[in-house]
Amino acid sequence: MLFVLNMILFLLGLFIIIRESNLIKKVIGLNIFQSSVFIFYLIISKVDGGVPPILNDDQLIYSNPLPHVLILTAIVVGIATTSLALALIIKVKQKYNSIEEHELDKI
Amino acid sequence: MRHHTIPRIVTKLLIPVILLFGLYVQFHGDFSAGGGFQAGVIFAAGFILYNIIFGLDIGKSILSVNTSKSLMALGVILYLMVGFLGILLGGNFLEYNYLSNTPINGQLLGIFLVELGVGLTVSNVMVLVFYSFNDISEEK
Amino acid sequence: MNQLPVLIIVLPLLIAPILLLVRDNRHVYNLSLGVSFLNILLILILFQDVYQNGNILYELGSWKAPIGIRLNADLLSCYFLLLINFMAFICLIAGNKTIKSQVEDDNIHLFYIAWLLCNVGFSGIVLTNDIFNLFVFLEISSLASYFLISQGNYKASSLAAIQYLFIGSIGAVFILFAIGILYVNTGTLNMTDLSNKIRSGSISLSMSLSIAMFLIGVGIKTALFPLHGWLIRTYSYAPSIIVSYFSGTSTKIGIYILLRVFLDIFNSINPLEYYNLAQLILFLSLIGVLLSTLYAIKQNEIKKMLAYSSVAQLSYIIIAIMLLTPDGLTASLIHVFNHSIIKTGLFLVVTVLFINNKNVSIGDFSGLGEKYPLLMSAFVILLLGLIGLPLTSGFISKWYLISAILQSDYWYISGVILITSFMTFFYAWLLIEKIYFSARLNHDASVATSYQLLCVYFLAALTIYLGVDTSLTFGISEQISNNFYSTINQ
Amino acid sequence: MSILLSHILFLAFGIVIIYLLRKETFTGVVSIFISLASLVYALYIISIQDILINQKTDIVNIIPGIPLSFSLDYLGVIFLVISNGLWLMVSIFSERYLELNKYQNKPKFYIFFTLSMLATNGIIYSSNLLTTFVFYEILTIATYPLVTFKGDKKSIINGKKYLYYLLGTSIIFFLPAIIFTYILTGTLDYKVGGIFTSYNNTAIYILVILYLFGIAKSAVMPFHKWLPSAMVAPTPVSALLHAVAVVKSGVFIMLKVFLFIFGVDVLTQSGANIIIILFASFTIISSSFIALNQDNIKLRLAYSTIGQLSYIVLATAILAPYSILAAVLHLIFHALGKIMLFLSAGIIATQTGIKNVSEMNNLSSKLPITCLLMTIGAIIMIGLPPTIGFISKWYLLLGIMESENLYLLIVIILSTLLNASYYFPMIYKSYFEKAKFDYKSPSCEDMPLAFPVIIVGFIAVILFFKTDFIIKFITENII
């Protein structure tokens, strides 16, 4: 079930990136798209009855920490991408005075 | 914001706490949840809050754009230098075991320095992002 | 332990923040040039070592393999590593002047930082043995390249950059997803470990999803036929020196990931054969070759023309891989090297000659043969290499490509390959004709510095050298492909 | 260093010299000296041929296992003499010709002329197909600047056509044929008797077609169009390159491929030579018909060349000993005859401005020697006694008899009639028809211009009485 929801999020994000003409909305779509994959990693790392992976003696079942670490990296990458995208959009806006892609292609 | 008393007072009270919390997260990263990343962001948040309340001029006089850039670079360099130190002391890149007399101490020292580098970089990147967005709004 | 693999990645990475401290444009340039040169030396030593003693594994922080991140320098890595860093070095030498005039003064040090980071990303992709790490390096290089592209002095540069950013990020996310699925199925991220754990036999649904996503991600990176649109845009609007650099590296990295994922990680289930994926890709690439060659002939703007030509040439490489024979792989690897050199050289000439012109049309080359006899003869040599005439490296590629096709099950596509390779001649000749047989226009083609000229001559000479002595390209390519296929057949 | 390699390097050195001099006045003389030296080289090589035959000199390994390599064979010896000998004549001719026609940029002309001859010699010396291919392509590229030498729009269009045909066929047919051969046999070295040890007929058929179309320099239809387009070039270029060096290289390669790659046995047993015979016969007949309708002298000669080349191809494809003899003989004799015709046409155009057959009325009163030479050339082409053309045609007929492909007699006879019908008007008009308008001066023969042609004519006449040693050489060494 979770996977299905996750896939829906994934496709939704992809759809927004492809379909939307507004660059900012595209960035939002990109973020949703990326987040769906982040969530996917979190889902797969969940262990039933597990606790956060901080070692102490009485808890032996804990969630897989590796995907969390990976996704932390991926999130950072995502933030970098987003901020770069926003910066570029500002430049585009300065040059064309528009951020609607269908208008930009005409110019 | 300079003339709003309540935010000023609250900020004055909060900033030391925020910075202290940042430092806590920074130095406790190797024992509990936390680390340079989070600490850097928290630290930067404190500084940004200061800027919002007291104005950029004062903020920039404390930490100018160029200093911030240099500190950001220094963070990365610190990180890499620790890595190179591992090579120089006969291990692999980023191998901390050789940094101190015992491997455990070495690991502690290594992770501390590396996280320090990360924290330095992240906090300054955050500040720089804040600065540059401010520049854009000023241009308009 | 041999420290070379990590040094190759980390040294430029260390220089990048130092550049931020230095900021003075001249020192910045010298430093980046120096580190590039140092890198090439290191790579040559590494290459030598790997060639004689086999793989070199390097564990970061001495954490053992499946848990820690490991670097793996094998022959394939070294081959691409050499190519990429060599191109970076050449473009750096040639680029100084153009970068100065095309990029804003305050941004120049950032530009070089991005350049170094981009190169770090490329080297990292090639060297790492950890698939997640590959993704991270891919993103490092991509982010840097978005920035680099946006620095072009065209109006559309930022737009091209952001459009590339969207499509590139989609590709990266697809790869990230695919890696996640792989991790679920195998519980490891180490490539060697992965390929051991992926058992032969039928492919589960989730695994095939992973394969499909890899394919899309890699397809975007390599400009596989229907996904090639970004390449045209970016090549048209990026700073021209960046185009020279990317034409030799960026897409080739895509090829590397393709090889690594499909022929190394998945080698026991061989997905390309299993789903007839190879046939599909082959078919797409064939259409790609045909259409992009036709488009290239139609273009009047030289950067666009060369960009379409790049798509066509990349399709040749992919076709050769998709034959799924050792010969095909050999041919593709040879062409990767040769095409990089030729295309970089061609773009370099455009860069060097037209610093100030924004749109360089074919007409701008009118009569340049008289004005710059030597430079133009180098240009013509590179063009002849692109066509694939004998005694140039293009001929060697073509020979092995056709030879591989004729010996494979797809011998009947050789006709298309031959005809398109003849069509290459049409657009290449348009240029040659303009250079030598048109009256000179009154334009201001800028004067190139001697370093720039030297780079172009060097690449042209290399084109001829690699067309006469194939021991480097063929010898190593053959060894790599034999290694691959001997593990597959086991 | 091997003498063959040093010959090629010498020519390369010559090119460098011409490039360095780059003076309009000197280059012609330098070029004459280079061609003279090249002829001396060739003669010296021939004098020590017994040592050189089948001695390979590898230069570089282009493809591992297939080096760029030189060697000499008996077929090459013959072609070597012709091409280098005629080159000397033509370079003497062209110096004067370029001067009289006021062509600019002579150094460029001589550089590419020498480069073309370098490539031709390279083709002669090549000991495997790859080397041949390399020089074949160099020859194409090197002749292009000569074809477009005039630099006007017409020559650029025609030059493009020239390149598209020659490069296109070589890339689309010749190269895959070579690669396919290499895959099938594992070698590309020319070897007497062929390199195919085991084969299947389909492969041979495919290969024969690929080679036939791929070596478009031999101008077998349907890939012949480049030859008429190449006629926009200055006359010396048409004469040497497009009547001797380039086209003969094509035929020479064709001969070598059929004899030394396929081998007589393979071709006859698989029956693949029928394809060649069909295409060649078709070319012979149809090119003659086209030539009939050409008014431009050079175009008429060009179409005649296409037909004559196919004679050689046809003679080779019949594969009987006599016909191969005829092929080699015709290679020599056609070169002599055609170069006379072309150079005469060049003289006519230079001295009187006449370019069409219909304007040639009473030309003999004005250019008596030239007309005489042209007549000899034409008779050689038609193949009438007492000229050398007759000898090669005679052996061709013998070969046809021998192979019992009697229907080919019709082709030969028909084409001879056609040849006669497009050459005789030229002769008839220039001698017997009255001029429509008066020429200003009675005779304007330019001796320096005519001198090399006279020598060629002299040799052609002498040779008729001295063919024995050539025939002996061919029968002993080649067949």
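We call the chains A, B, C and D, going by the order they appear; numbering starts again at 1 in every chain.
The criterion applied here is as follows: a contact is a pair of C-beta atoms (placed from the backbone, for glycine too) under 8 Å apart; a residue touches a chain by one contact, two chains touch by 3 or more.
Keep in mind that this is a model prediction, so the values were computed, not measured.
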Chain closest to the middle [Cα centroid of all protein chains]: C
Pair of chains joined by more contacts [C-beta pairs], A-B or C-D: C-D
Chain centre separation (chain C, chain D; CA means) in Å: 45
CA centroid of chain A to CA centroid of chain B, Å: 25
Inter-chain centre distance, chain A versus chain D - centres from mean C-alpha coordinates, in Å: 71
For chain B paired with chain C, centre-to-centre distance based on mean C-alpha positions, whole Å: 37
Numbers and ranges of chain B residues touching at least 2 other chains: none
Pairs of chains satisfying the touch condition: A-B, A-C, B-C, C-D
Chain A-facing residues of chain B, complex: 32-33, 37, 129, 136
Chain C contact footprint on chain B (complex, rising order): 69-70, 72-77, 80-81, 83-84, 86-87, 91-97
Of all residues in chain A, those that touch chain C in their complex: 10, 14, 17, 23, 26, 30, 33-34, 37, 40-41, 44, 66-67, 70, 73-74, 77, 80-81, 84-85, 88-89, 91-92, 95-96, 104
List of chain D residues in touch with chain C within their complex: 60-64, 68, 130, 133-134, 137-138, 141, 145, 148, 151, 156, 160, 163-164, 167-168, 171-172, 175-176, 179-180, 182-183
Chain A to chain B touching residues, read off their complex: 52, 54, 72, 76, 83, 90
